[in-house]
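This is the structure I want to talk about, given as structure tokens.
Chain nomenclature is as follows: A, B and C, assigned in order of appearance, with residue numbering initiated at 1 for each chain independently.
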């Protein structure tokens, strides 16, 4: 790959006076999976939110798909169609059924026609095993089902990059595997470029092309996938992996 | 209780005059509510914008209408519009204007509160799929805020209906004013008439407000159930 | 005469009205709190006979205007042999109206207690009365404080309606002065300022209380 899909350059983020992210640098190539690991409170969510324009950052730059990203709301609104994000708390819209949740973006944001979108959505729903639930309301679904729909809702915009923020952290153990399998499938058979925050270490080890280890808002290790798990360099990373019972 | 009193209700055209007055009352309440709701919803949405001066002005508007009693608001507009602004409106138009501005003020707070109680995550999920500000309002925030607003809005309506009793103070020919005329006209022959006339007006008000407040209660219960 | 002189001349009368407003409001509000708490307890324990009576009372009081309630007390009740002074009518009317609002406020507080709290109390074997004494009342009263404050503000404003039975409170004072001397602007300004002096501090307290309850720091 010549130019990376995403390039983060000297990113600095503050909440008021608190310095949250310190000089974050990394690149992500098309088709690659980057996992972002680190203890709770290390700034993983904050970084992801900066990458989707939900948070402003104070210094540094982001380049996406060859284009310098400013912090203008208008530009972010355009970019978000290409950068899908899935949250820990699913956040389906309770006032809309499954299909309406999924169609909102393609129809209203991208102004595509229902006839064009529907077959794609149908296929995505089948892919995640939710084809029978198109007319269900979020409150009728289990956590795992909601999360699968939330993933479809993001994919329906045909993004070039997907951000996953601890999407299995609120799920019962038996549901976790289903959701992880969907993400794995996206990486394997669709070559989706992804940035994944997770506490599922087995999964992270299988899926990662690249690992960023974050602690106290700084990148402490940046290694190819397997290497991080087999030979963590820093003591913090060793402790982190030990605490993960891995 | 003398029996002559109740006859005052039915004598001549008294009852239909009372109904006529009631219609004036209802009409003013209805128009004020409709105008007030429209203005209030729009201003309520504006109050959720991060624009400080705008929020301050709208807050001031709300607090003024909250702190000054409605009787005083009526007199303020009744005396000051013609005197200082050379606007000569009939009394019922002044009353409609005051009530509409009051409803709008209260409504801004109901709408703002409901919009702000939609979880922040919902807003972010909407932004994450690229919705614009107004799309986010239209498809995500307002539909979720709407059921939260409804009970308070219906309660506000009952308050407006009750407040229309003040119309007589600025000489609008409402149901109470007409009632008083009838009482005075019959004071000699049927001193008990006062009991029946005020009684029927009391019942009129109850008949309008009771269903409304039951409805508000029902809506509130449904909202609470939907949350569980 | 300058506006300022007009205002200054009227101040003694307004001062009288100010204290009448405060006095009648205070008595009415105290009475309303007593009536309201009794009613809400009756409703909470669903006492037979009394409970339906309370329901009827609160529905009537809440769904009719204070102005008509006052007219009844002042003009119609003497026909039944019950003669009260205007001030007495005002206080009774305010208690009648306010009692129903206070009852709703307290009841709302009781209902706001989370069901897990009630279950926790039942789980350690508390009886219905013990549950009320140790769980429902202390927590419920704390939760109803914002409603209480809102009702107090509401009832103070309602005293302006006393003008219709010629009680010389603030609004009546202003209307009388306007009728006599026509200095409309000056008197209305004093009137609005007088209400602001009473109500702005209260409304600030209300905002503060609402915040505290929302963040659940009450009673801690």
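To be clear about the criterion, a residue touches a chain if its C-beta (ideal position, glycine included) is under 8 Å from a C-beta of that chain, and two chains touch if they have at least 3 such contacts.
By chain, UniProt protein names: A = Amino acid ABC transporter ATP-binding protein; B, C = Amino acid ABC transporter permease.
Just so it is clear, the model here is predicted, and its values are computed rather than measured.
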Reaching chain C from chain A through chains that touch each other, fewest steps: 2
Closest chain to the protein CA centroid? B
Quick check: more C-beta contact pairs in B-C or A-B? B-C
Can you name the chain that lies farthest from chain A, using the mean of each chain's Cα atoms as its centre? C
Per the C-alpha means, the centres of chain A and chain C lie apart by a whole-Å value of 54
Centre to centre, by mean C-alpha position, how many angstrom separate chain B and chain C? 19
With chain centres taken as the means of their Cα atoms, state the distance from chain A to chain B in Å. 48
So, in the complex, the side of chain C touching chain B is made of residues 59-60, 62-69, 71-72, 75-76, 79-80, 157-158, 160-161, 163-164, 171, 174-175, 178, 184-185, 188, 191-192, 195-196, 199-200, 203
Taking the complex as given, what residues does chain B use to touch chain C? 1, 5, 63, 66-72, 75-76, 79-80, 83-84, 158, 162-166, 168-169, 176, 183, 191-192, 194-195, 198-199, 201-202, 205-206, 209-210, 213
Chain B-touching residues of chain A, taken from the complex the two chains share: 52-54, 77-78, 80-81, 84-85, 87, 89, 91-96, 104-105, 108-110, 150, 153-154, 157
What part of chain B is in contact with chain A in the complex they form? 119, 121-122, 124-132, 135, 139-140, 143-144
